[in-house]
Every structure is written in structure tokens, then in C-alpha cells.
Amino acid sequence: MRHTVSIALALSALTAMPASAQTRFQWPDTTVHFSRYRYIEDCLAADARVTASIMRRREGTVWLDTMPPNPHEKLEPQPPQLTQAVSQCAERFAVAKVDPRDYAHAMQLFLAAGRDSDATAIVERRLAAAPVKNAIERGAIVDTAVTLYVSARPSRLASAEDLMLRRAKSSTDRVERLKTYATLLLVAKYVGDSARAVRAARLVVGVADSLTVAERQSDAFERMRDGQDGSEYVYEALNVLTGMQTRMDSLRKSTAAYVALERAMWPEIAAGRPDIFFMTSVPMGVGEHTSALTADFWYPGAASSAPHPGRGHPALVLFLDHTNCIALGSTDDAQFGSFCASRLAEVRRLATRFPKLEIDIVMSTHGNFMYLPPTSPAEEAALIKQLIDSTQIPGAIVGVTSTPFSRLPDPDSRRIDKELPNNKHYTFEAFGKAMPPASESLFLVDSNGLIVGSSMMPEDEMAQFIQVLLERDGKGSHQ
Amino acid sequence: MHLNRRLFLKAGAAMAAIATVPRPLYAQFDGAPEPLPPIEDPRLATLAARALDSAKSAGASYADVRLSHTSTRRFDERSAGDSEDMEVGVRALVEGYWGFASGPVWSPDEMARLGKEAVHQARTNALGKPRVAALAPAPIVQNGNWVMPVKLDPFEVSPFEIQDQLKSLSILAERIPSGLLLRNDVFAQVQEKAFASTIGSYCTQRAYLTEGHLTLQIDLSSKHRSNVVTNLECVSPAGMGWELYAADSIPRVRNLSLHDELLMRADEARADGMLPMKALEVGRFDTVFDAPSVANIVDGTLGHATELDRALGYEANADGTSYLSDPAAMLGAYQAGAPLLTLVANRSEPGGAATTKWDDEGIVPDDFTIVKNGLLVDFQTTRESAGWLKDAYAKKGAPVRSHGCANAPSAIHAPMEHIPNLSIAPGRETGDFDALVAGIADGVAIKRASIDVDFQEGTGLGFGGVFEVKKGKRVARYQSAGFLFRSTDLWKSLLSISGDAQMQRIGFSAQKGEPQQTCYHSVTAAPAVVQGLTIIDPQRKA
Amino acid sequence: MSGRSDRLIRLSDDARILSEQECETLAKRVFALASGPGETYVSILSWWNGELRWARNRTSLAGDRRDIRVDIARDVGVGRAVATTNQLDDVSLESAVRAAERAAVLSPNVRHPKPLHPPLPKPDRPKTAIWSDATYAVTPEVRGETARSLIEAAEAKGMSSAGYLEMRAGSRAVLSSERMGSTPAPWDVPYAAWTQAQCSMTVRDKEGSGSGWAGVSNHDWAKIDASALASRALEKCIASQHPVALEPGRYTVILEPQAVAEMIAILETSMGRYSREFAAEQGMGPWALAPDDVLHLWRTKLGLKVLDERITISHDPTDPMLGIFPEPWMEPLTWFDKGVLTNLPFVRSYALEKLNVNSARRPLTGYRMSGGPTSIDEMISTTTRGLLVSRLSNIRMLDETSLLSTGLTRDGLWLIEHGKISKAVKNLRFTESPLFALNSVEQLGEPVPVFRPAKNPYESERPLTPAIVPPIKSRDFSFTSTIDAI
């Protein structure tokens, strides 16, 4: 016997309702209502999101890291849709109402919204709120503001410079002033504003010349910025003042002339101090002779019959670590590293432009490649060749060394790589410090096997060097 | 009757042929497959009725069915993910024994199967010794419908906006010196449930649950300091929508916007972290607890101890029993705490994580008192368990009724008694935590205590930020300190409780059952002072 | 009725979980629904539970539950997101795929094209005994009968019992659209089905003055002796009645196998969190050793004796008592070999880079611990003064480097004096580290299977956690306070 349970329903009311189907996994209207965005940080978050989505869309079609560097990139305006979104969100924030303590985020927002005068106003208000005598606080504010001005798109170099010059003027401490001018120089170079860079360089050199030995040996000088020695900036300034024209003219004469020009700057840098704390911008090995590269596996095979870098033409020696190029993820997958990809793209562009330029890629084995099971050195070398082939660098010569290694005793058994002969031969000393070649480092070698430049140069400078070397070789002059 | 897997595999070709045809599942009403309708659709009532009919036909004296449709969306700064499921569960009572069957399919055939299976399950147990299940009366719900009121449906807010808000919090954290958000994510759930029972009730509901995790670390690393890590409990689980994050203030949760709350908490954490560290002096001290501590202690002790099924041994093989071991005798007689202590329960407060219109047995939960002026006066009940206190209720002239504590995470689980929202009655003190501290000449203050209680909730070990108080001020932090307590002694030693303005609501999850279920509820409490708390070093071995 | 030949899932007794073919078909349907570029990954889990719970000597609920969970991940090149559903119809699956695609915008994950795509070798997943027809075939009637006989044992002695019986079957497959021909990709998880059975029981006297517990879990119901379980729980209840308070302090303890397993669970958690990479590269966790003076590299305690030399903890996947979900590189493994730490878990990428081996090491999920010749009775008779502990509960780790932890004894604690159990004692809180306890071992007994079921049926990665553990006697175990709970 069937029992029917009656459920009391006001059926009449309900049957009138249409059986509307509900979409599963509903997705709401994704329009963002900025009216609900109360805080500056909310708008900065929106800025970050829109920026990221624009970048991702561009990355979808081209791998941005492999594009040739754009010297005007920092001075280009930001995409209009970003400015529109940010200014819409930022509308509600009147500069007069912003608490000066929030100046950093406010400034970032105003710059992104194209409200430069508001950005300047809030910085000025913040500076006004800081006691005149508190140099540290005022210095920190200027540092923050400068960073924000420079990282805005387009870079607000004039405003940054203005702040920095005012700060320098108000400072009686010469090392402090040098730091400010050094920052100005760095920022001008970063943005690609050569006129400003030259002005800044003059200021740097001007102050540096007036420093006493004690000042040069002070902590503040040795750890001037980001752990870098003040001498770095003096070197940068001298380079800028010398100018590319002069440097190329001397290189055109001979490598020796160029090296002499380079080394002439060194006493000024090292003035009074035989041993500088840490130098990164001085190109390592300039003027040094190169040794022939050694390898266990050469590609093409014929390359083993002659020394590399060869004589009679300029050469580019690239040290590369394939584990930096292809990073193994935590799962059975691998990601291609940005820095490596951009370096290889740079080399490809140079190789394509200068067919006479020899390209030597120095690599070594690690016992594994990507997510594949452990490889013998021969297997790994073959895979490395495939990797380089895929980068389509015309005429690339690859030398792979089977890395000597030891193992920690069992059960640890971690592999400890030993120093590679190529790395040893390309470790050069300057200012009392020896620097082995890091992965992705480049050496430009002239047709006599002398090093004339390294990876510290941006791509367009490297191209100019190569051009000059080729012209020089063409005329048959060498020394 | 039943095939084992080997047979199934052996069936070979024929089975393989059927198996290759996809097995779609869909809500099937009139015969044609169609997407899921809203929960108020009358055809769901028909489905539900089919399940109950089947159970009745098979011999159930009582049966109920729940259909649940749950959607969730989770976000952190860099990702988002959705889930959605449909579940149905039928419960049947046969000769005092319960049976249950559940699954993911909403179709007439499946309703029939589940109804029959639930009865089958019950029957296999009814073969043994007799059991009585007297269900407390339940008013018939005539096609009720309820939607939890929320200000911002998290599924209607643009996901970009939600992610922007999360990112905004971590950008804000950049402003905090040495600050870092260790965790910044949010989970939102909306669950639609239809309930029907053989007494003739039918109701449909839609409820929201939003839960966030916001953990801030301030790096004070140095010889005498360590990192300070603080969790913002204002985003603990709540019966709310996105307003949990977006509202300018939420009564009893936060007085500031979440943005300002984070900054305030950072300042507070830094100030606490800058206090000098001190070696612990073990002893008994008058102690000030902040509101989250009191909420945690209430939850861990009285909250769990007054679950009636637990007190009567229904969780004995799982988490344990209760120190309130004889509910019938203790009700109205046991002094559970100081006269200052009154504990009430509800499933009605707006924003409560256990808030609902009808519980999972179709009962409208009432607001009821568990402890009144220190005296234990009631327990958490369902339709069946209310009857276990029949005599005790009769003695105090109270009706035998379920307090509506039946709950389940979704229809795949059988409903059971779960902790409702709890609230201690605010006290007379007008001051806040610091004001209570000001009243202590020599003692201890504890912030954000968490406790480990024993399997009867009778004793416990507490952890948290423990501070030395001297002359009304917190002067030092104890590096490794905790407290030992007996639940009843602790509640009896209550000296004062802050007032209404200091009440804070915090969301908790609670696990119980075999198989285990997790449900949510809120606890509202205010800062309080207890006398003579035993402070120890929990890392000290014997 | 629609004209299609689709048929409803019946979820009848012969088809409680999805079969391999059904998973394959389902995956293909999901792949076909993807729109736009990129790969699709689908994880298909299905489970069935047959449950019976009782309390106060009467069954409180018997149930049959089943569910499905399909996680669909769409990697669209610039983002990757997951949507989860438990419905298998076309509309639901398609909506889920769209949801994953939409959410991918919120989950950026730009992956630059790889210059090479050498094929990944297919790892071996050994067969391991994790399916039992006996478990799958258990009916509600059998569960009911079993429960009645267990209850009867307690009720006959005037005691109250509570307990739980559960039979579970589950299946799982993770398949991706990125395939090598028609065979699954090497990173896919091939279809596997498992069963799990558990039986546990608590017996208490009517006044609540005593409590005994026993429990066993195994993938094979036939290996569980429910009646022996009931006897044990009953005996302990009777023996534990009316305990007296004992001064906390350091005691020689005899830890029954269940209690030992609970201490080892602390090691398990720690190993899961602080794998070999963490120890060797970052010096974090209890298994790290300070950097050496020469190379200045963090080291691990691998090769060092960290436990008593009689302790070996290992796992052999061919052992029918230790079936766990098959994973690659599942050769027999020993974590502690005669007290020496011999293995820490690590992932394959770490092994390739640092060790140049194509392998991974699984964490401690299922294991066998070595034992010794001493029975618990012999341990008692050779103890001048000590405590016999049945099991531990509510354990919390206090320090992640020393593994100092605190927790409670439960369901039976007895004082031993002069070689005999002298009285039942109130439960105590302990504050001790498993590293200390397992280094202060005096005697060990015969290893037996313990109760370690995987609780959550939706847990798919490691759905089985068997362990075979001996009782041990250990010195100077630290108990720091008395508790009233029984």
C-alpha cells in the first residue's frame, strides 16, 4: 500500500512561478564599483590588477623579456586604460584631505592617475611636517619620493631631480651630498636621460674630489647605497663624463688605448684606499688576455680543433648555467627563466646583426637536465645543444664541460660541484676582489684575445663596441 | 543481492558496453534533464515527497529529507576557485532506530532508493534490543522560505573587487614597519537547503557563511625579541556576506573599517612585542582575559560540555564525554560558575555563524539559557535528545522541546546536535580590557588565549600572550607561559565582566561525530577578570 | 523522456564508486568541453561509506553514503584555476569548465614556452594491496550483527558501550588533456580503488568511573577481529574503574602500541612539514644539523642515531598489511634503521638537482615499526614502579625542533609497583618529546596493527594510513599534571 505524504504547499502561488533555470557556477557582473573603494590602497590594488592584466595580455603574444631593450620605455606614458581606471578610482581623494603620513601611497596613486601637482603637494606637506633638523627623517622621505617618482610611468625625472638637488643643497655632510648626486646619476641612467646623467655626473665628481681620506674611508662612504661602495658611483660618473664618443674613439685606435683610458679612472676611484669594499660596476677583466676555453663536448664538433675565442675577429663569450635557464618546478615540470631568456635573445640579436662576431657559449653539466632522469655528461651535453639550437643564435659555438664534482658522504650524498677551469680562467681581480663569472655573464673579446667589455654594458653599448672592433679589424689595425 | 567488485569486473563485455556510455547525473523532474532550479521551485518539494513516500512505504514511522545545494568561492590575492555541489540525505526512524542514506543525485529514482535504503539501514539495527526514540513535538512548517539577510552577496560582488580588497590589505601591510601578511584569504559559501519531514513540514532556506584568514607578522627580531604574529579574529566565520570585509564597522565585531582595524592591531602587536621578556614566576594570579580569550574558553568548556548528546555518552568513542556527566540531576542544581555568569544560546542573531530560520529537523530554534547566574539550567538539544531531559524539564515546569540545535555541513551528512551561537551576558564593568588591567595591582593579563581541554572539557591547558601586570599596567611579556584550569573552578572564580560596549563576536568551527562533521557557530563574550588563575610554563617537563 | 541513450546513475550496490572506464570517459568529456587554449586536468574522486555508530548500547545511526568530487583545472596559459563539482551531467561539467576558465583571470600563472619538450619518463607505480572484496561486500546486516555482538559483550557485564564501524571504498584518477598518444601522461595519477575498514569501541561503567577502548583499522575487514576488540575494551574498562590521583612526575611508562603510534604521529607531522629540503637547505626542523666548518652547508641528521637502536621504522608496499595508495618510486623504504635516521621525505625535483637521482621519498604515511621479545606482561613484571598507558589523546606540539609535545592519557592508566599492576590511576597530562621517549627505551614487544583510519572520505592523496607498532617501555617519561577526565 502506498503511503503518500502530503506536504502542505501553497501550490497555487507557486505553480504560477516560471521554472526558471538557474545557471550553475554563476559569474556575477564583473564591473568594479570604485564608489566602494574607500582607501588609497584599494585603488593601488586596482592599479596593480589592471597593470598585471595588461602585461599578461601582452605576454600572451610575445615574451617581453626577449624583446630588444627599449631605451625610451621608462619615459613612455602608461597605457591609457590604466590611467583611466586609476584616475576614476582616485577621484574621491582630494590631496588636501590626505593625511601626510599616508604620503607614499597617496603619491603613488596620484602619479598613476596623472595628478602630478597633487603628488608634489603631498610630498611637500610631508616634508613640512618633518622637523628641519631631523636629517634622517627628511632623507627617508626624499628617498621614498624619489623612488616613487622614478618608478612612475612615465618617469618623473624632473621632480625627482628637484627634490634631490634641494636635499643636497641643504646638506653640509659631503658624503651625504655625494650619495644624493649618486642617486641622481643612477636614476638618470636608469631612465635613459643622458643630458641629466651628464649633469649629475659632474656633481658627483665635483663632490668626490673634495672628500678627505677619512671621509672616503667612512662607513657611510663604503656602504653608500644598497651595500655598494661610493667609488662605484664615482666610476659611473667618470664613465658618463668621458662619454661614449671618447671611449669609442680610443677603442678605434687600439684596445691598449681604450684600456689605458679605462684604467686612468681607477686611481681617482681608489683614491687613498687600496681595497674597496665591493665593486660591481667595473667591468671585470678589461685589458686581460683570455685563455682558450676548454670543453669536453664541442658543438659543432669541428670547433674542438681550434682555440676559442679565436683570433682575427671579435668574440662574445657567454657563461651560462642551464639550471638557471630551466628551473625545475616542484612538480614534474620546468619553467624557462626570464633572465636567461633575455640574455640569449640579446646574444641572438647581436649575432644576427654582426655575422663576423664569434659567439662562444660556455656551459657545464649538473647531472640532470629539466625534469628528465639523471643524465650522463654526454647525454646532458646533447640536451644542452638542443637547448641552444632552439634559441636560434646563428653560428653559436657551444663548449660543454663535464663538471668535476664530489659527493658528500652517504647518506647525505649531495653533489658538490668543483670549480670549473673556464670559470677559473675568467675570474679577474680588481680593487682587491676576485669575481668569478656568474651565470649569464658576457665578455667581449677583441681579435687579439683581449677583453674589452663585459655584461655590465647595456645592449646598445655592446653593439657599439662590436661595431668599432669590426671596423678596426676591417682597417687591419690592431695592437 | 549485492555484487562484489570481482563479479562486477567479471561481467566483462556487457558491463563494459554499459560503462562506456557516460553516466550523467542531473536533476530530473519531468523526465527531461535540466539545470538546477532555485531551491524554492515546487518540483523540489515533489522530489522530497518522493523520498518520504518511499521511506514510509518501506515502514518508517518518521522520516525527513534534506536537499542541499552549496556553492563556494575562495580567494586569495593571486587566485580564486569555485566549487558547487548538490547533495540529498534521507533519515528514517524505524522502531526507535535511525537509518540514513545520502548521495549526490537529485532524481525521482534516487529519492526512492534513498528512502528505501534509509529504512533498510534502520531495520538492520531494529532486529536487536529495543530502543526508544521519542521525538519532541515539532510545529508543522507550512512551506516556509527564508533567505539569510546579507548586505553584500559575495557571489554578486565582482570577483575583481574582492581580490582588490585582499591585495589592498597587503599593500597596507607594507606601510607597517617590518610588517608582513602571512595569510590573506577569504572563503564564501552560500547553501540552499530544502527540508521535508513526514509530519508534513516543508521549508527552504538560503544561508551564507563567510570566513577570512588575516594573519599579520611584525618582525621585531633581535636578541630580546622575536616575531609577533597576530590573527585578526574579526574575519572569523560569520553568517554574513562580503560585508564581513567591506563594512565600515560591524557591531560586536569591529568598530573600525578592516583597513583601520589592521593598522590598529599592528600598533597593538608592536607595543606588546616591545615589552621586555621576562622569566615566568609560576603561581596563582588574578588574571584579566580579553574578549577573544573569554570566547575561546567559553567555547571549549561550557560550549562543548553542554552538548546533551555528548554529555550522555553519544560521543564517548570519538571526542569524549562531558564533565556535566549527569544532565538530568545537574539541570537546575549544578553550580557551573559564579553568579556573574549567564550563558545564553541562539540561532537567531544576525551575523551568527549558526544562525538559521529552521534547523535540520525543521524546528525554529529558540533563544535559551544554558547557565543562569552561575546555575546550569539547560543543555543543547534536538528533537530526540530533548526527550532525554523530560523529567528535569517537568520539574522546572518547562516544556519538552528541541532547542533547534540539529545541524549538518550539507545533506550528505546526517544531522546531529551542533553547538549554536553562544553569548555570555555582559557584565557591569564599563571599561575595556585596559581598564580591567588598570584594576589589577599585581597579576597577569592574557590576550588571545586558546585552550586544550581534556575529553570531558573539565580541565584544560591554556596558551596565549601572557603579560605581567604591575600597578595596573602590563609591564612585561612572559616568553613561555600558559595556564592550567578546572572549568568549573575557573568559571566560579570570575570576578568581573565588561559591559555591553565591549562584547565581541567570534566565529568557531566544531568537529564531532563518526564520521566526522564540521559545523560553525559564533561566541560573543567580553573581557573578564578571574581570581587566582594558575600560571605555568607549558614547556616545562616534570 | 529524452531520446538519448543516457542513463541515470543507479548507485546501486554493484556500482558504489566510479570505475576506471567511467573515469576515463568522464575525463574525455571534460577535455572536450574546454574552450580556448591550454590544458585541462581533472581529478575524479568517488567514495562510498557504510557506517554504523552506537552509544549507550544501542545503535544511534546506521548509514550508507556516497559522493563524487570532480576537480577541473584549466591552465589557459596566463592563468590556472580549479572548479569543483559533484555532478556529472553535461551542463554541470560544462559550467565547471567555464568557471575554471573565468577564474583563471584571477589566478595569474604565466608560463613561458619551454624551448624543449623531451618526454618525461613514465614512473612506475607498483601494485599494492589496498582493495579488499571482503570490505566491499560487508552489508548493513553484517554491520548490525557485528555491532550487536560487540554491544552484548559490554551490556552483559552491566557496562555501557559506544562504538563505530565503517566500511569505505574509494577511487581516484587524475588525468590531463596533455597526453602522450593515447596513454595517460606520466604526471597523471592512474586510476586506483581502495577500501578501508575500521572498528572501534569504548566501554564505560554506568557511573563513568572507568573507561576502556580498543580499535583496529585495515583495508581488509577480514583481518579485523571485532570480538577480540570488544574483550579488550571491556577488560580495560573494568580494570580502570575508580582510579586514584597520582602525583605527576617522571615515570617509567609502558606505552601500549596505540600510544606509541600516537607519539610517532608527532614524528610524522614533523617529517611532513620539514622534509629533507627544509633540513638540508634551510636548516629548519628537528632533522637539521648545524652547518659544518668547511663547506658551511646546512646538513641533516641522516646517518645519525636519533632513536634507540632497536627501532626500525619502514614500509614495504608489498606487505599486505601495509597497503597505501600507489605512488611513483614506492620501493621499500626505511626511515629509521636501528635508530639511525636513514631517510627523509623529498620531492623528485630536489633529488634530480641535488642528488642526481631519479627518485622521490614518500613521507611516513603507513609503516611497520620493529619490536622486541618482551610482552606487555613481562614488561609489567620487570617494572619496579611505572605506569601502563593505553592510549594518548589531544596531543599538541609545543616546539618544532625538539618536538616537545603535550597531551593526555586516556581510557586506562595503571600504576605498576613491584612488578604488578597495583591500581587504576587518574589520567595525566604529559609534556614529553617522542624523540626523548624513543631514545629512553628499555624494552619492546610484538608489533601489532593499530587504529589509524583516514577520517575524511574526501581525502584522496593519502587515503590509507596503516601502521604496525609494538608496545614499548620507556624511562623518565614526563607527566606534568593530573586531569579529572575519565
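In this document, chain identifiers A, B and C correspond to the written order of the chains, with residue numbering beginning at 1 in each.
We adopt the following convention: contacts are C-beta pairs under 8 Å (C-beta built on N, C-alpha and C of every residue); 3 or more make two chains touch, one makes a residue touch a chain.
Given the structure is predicted, the values throughout are model-derived calculations rather than measurements.
More inter-chain C-beta contacts link the pair B-C than the other of A-B and B-C. Ranking every chain by how far its Cα centroid lies from the centroid of subunit B, the top place goes to A.
Distance from the subunit A centre to the subunit C centre is 48 Å, each centre being the mean of its Cα atoms. Subunit A and subunit B have CA centres that are 51 Å apart. In terms of their C-alpha centroids, the spacing between subunit B and subunit C amounts to 26 Å.
Among the residues of subunit B, those touching two or more other chains are numbered 35, 82, 84, 159-160, 163.
Within subunit C, residues 83, 85, 91-92, 95-96, 99, 108 each touch two or more of the remaining chains. Counting only residues that touch two or more partner chains, subunit A has 23-25. Contacts from subunit A toward subunit C in the complex involve residues 23-25, 27, 52-53, 56-57, 59-60, 63, 65, 323, 326, 328-336, 338, 341, 366-374, 383, 386-387, 390-391, 408-416. Subunit A makes touch with subunit B in their complex at residues 1-11, 14-15, 17, 19-26, 28-33, 36-39, 41-42, 44-46, 48-49, 102, 104-105.
Interface residues of subunit C facing subunit B in the complex, by the touch rule stated above, are 1-2, 5-15, 19, 21-22, 25-26, 29, 49, 51-53, 55-69, 81-92, 95-96, 99-100, 103, 106-108, 131, 133, 136-137, 139-141, 143-144, 147-148, 151, 155, 160, 162-164, 166, 193, 200-202, 204, 208, 211, 213, 248-250, 393-394, 396, 398-399, 404, 406, 408, 410, 427, 429, 431-432, 455-457, 478-481, 483-486. Partner subunit C is touched in their complex by these residues of subunit B: 1-8, 16, 18-26, 28, 31-33, 35, 75, 78-87, 89, 96-105, 107, 109-110, 113, 117-118, 120-122, 124-125, 127-129, 131, 159-160, 163, 309, 312-318, 320-321, 323, 325, 412-414, 452-456, 458-459, 461, 484, 486, 514-516, 538-542. Residues of subunit B touching subunit A in their complex: 34-38, 40-43, 45, 48-49, 52-53, 56-57, 71, 82, 84, 140, 142-143, 155-161, 163-169, 171-172, 175, 196, 198, 200-202, 246, 248, 257, 259.
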